[in-house]
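After this come two complexes, each holding subunit A, first together with subunit B and then together with subunit C.
And then the complex of A and B:
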């Protein structure tokens, strides 16, 4: 965030709610109605507190990382989306998508990884399609990247880019349900400073036209 | 026979851009990606400062001193001096600086972070006792001020003690 131009994250609430709703619909279709998601919280936090705020600790997680690319974002990079699970939840998702039983403590086959990456792709595409509609800037996800690592390490790498512009990060916390039960999945959206300004401008334009 | 609970030592979690002073058995932990975990340790005084450095240079950008390599090092030395720790006898241990997503990923700053930290340490004539840097995976570091050991954990690899 630009330290000289603080903003109220709640201003973006409608946009992120709409994007999350869109992503939820796509996920429901992809998983035959088993997975849904909703926006839990949107706020800013100091950079040094983000990992603690998100309760990422230093657990090893399975993650799909996608960049945000498209018109109106310099160099095509407008931030990142991270879909994260603990190992058990990741395996449950992969097994569900591949129509087989969960195999605990097995390696992640290419097919497993592909199923989870495609989930990230579908989720991110739906999310960014809605933001594209709201901002009138074409935003698309990059190819998904599968990673198993410390959640805080991945988040720190992603936040390093945002930290060039300021000391605060936008936290967009999402709640997931699998078969109507809340599960330990997380979606983090970390917009670049440039994309954030684009979103804020779109919000103001939308409010002025209302 | 009497059983007593194991001694619980104070732990500091060093978040992005933070600097922590640890002494006499206190422990500092950080989880790193492209960031650098820099430890300046005085063995005789069993005291260290640990920084979680995010970017190489401040260049008038906003942020706490610990965020940038070029501002973190002077701040670390100032904290040690304020606590009566002399510069003579200090040694450095360095970890982090990974490139986690290959060339297509977000900001690849790990190598640059590492290079500038090493250069600054050379300029200050602080010997580097051990390094564990680069690669494609994140690191969890745990520094023990009682022993000076820096434990490095990585996904899928055995722990290393520097």
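And then the complex of A and C:
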């Protein structure tokens, strides 16, 4: 497969389902069984259409952004992982992890931010640990960044970086449940073209060896 | 004798979890650092009996910290506490001299068991009073 050939995202479905299950287990341990996640949708989209596809809208969001670095990936940068919440859901998560009551409209303390960033770190690491095991390529998250901004604005910055590496994105939409109730959290994994090729090659190798 | 612990992690929530658990188990927390280089400097200054060390941190990562600490003291007891649970990386850390590894998210019992193992190891090295 060459770098620009179209592909069927379903080829990667098993890998991403396994990674999501692994991440769900880690999240359950981190939150004392309160949070779980499942893969909702895996879709390829041209970069210029991603903002509209993801419908992140103009709302102010709380986000944890992590870069993905991998061996065999040119420039070392293999994409981005973004964990996003609306303000209420972000505060609920932080309060739950810190064993406190939710305080609406308060500032975000350093400890609150740390709770949410570490959630992003644990989630991304579990996700990438499993992808590493399946692809036999080392994939490592960067340290997390805490961002509060309008969703579309952050996404535009992420995609501007991605556009240096390719012209399409793999969108993994994830459903989160908090206390068995679906919540408005989103996890976006946007691998670079190089990482996408690495994943596809691993799938083909895995299928050939099966 | 009270054992002295240095905590190296960029995440405040994890540092607080480790400190609280270790204090309950009788450790004295002598300091903390938020990246590998700061960790090396704190280790040199504080001379702790043991260190907990995250791997993914901004600017200078945990492997940088581990190698620097082991250069200062090849007997340094460094417990890796990381969400990065990948065989190749863990092998690299163990080759560089890490004493043990526990994965985040960890439970308190697992953390304390690893620290107790390290404490027992350092106790054997200390001269015994008779």
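FYI, the second predicted complex is superposed on the first by the 203 of 210 C-alpha atoms of A that agree within 3 Å, B and C clash if a C-alpha of one lies under 4 Å from a C-alpha of the other, contacts with A are read in each partner's own complex, and residues count from 1 in each chain.
Keep this in mind: a residue touches a chain if its C-beta (ideal position, glycine included) is under 8 Å from a C-beta of that chain, and two chains touch if they have at least 3 such contacts.
As the structure is a computational prediction, the values presented were derived from the model and not from experiment.
When the shared chain is aligned, subunit B and subunit C each come close enough to touch A:142. Of the two partner chains, subunit B is the only one that A:80 touches; subunit C does not reach it.
When the two structures are aligned on the shared chain, A:97 is found in touch with subunit C, with no touch to subunit B. Set side by side, subunit B and subunit C differ in how many residues of subunit A they touch, and the one touching more is B.
When both complexes are overlaid on chain A, the residue A:118 reaches subunit C alone and has no touch with subunit B. When both complexes are overlaid on chain A, the residue A:156 reaches subunit B alone and has no touch with subunit C. In the superposition on chain A, contact of A:60 is made with subunit B only, not with subunit C. The interface of subunit A with subunit B overlaps its interface with subunit C at residues 142-143.
On the side of subunit C, the complex with subunit A involves touching residues 10-14, 16, 56-58, 82-89, 104-105, 107. By the touch criterion stated above, subunit A contacts subunit C in their complex at residues 26, 29-30, 97-98, 110-111, 114-115, 117-118, 121-122, 125-126, 129, 132-133, 138, 140-143.
On the side of subunit B, the complex with subunit A involves touching residues 13, 15-18, 29, 31-35, 52, 54-55, 61-64, 67, 98, 100-102, 104-107, 109, 137-140, 155-156.
Across the complex, subunit B is touched by residues 3, 47-52, 58, 60, 65, 67, 77, 80, 142-143, 145, 147-150, 152-161, 163-167 of subunit A.
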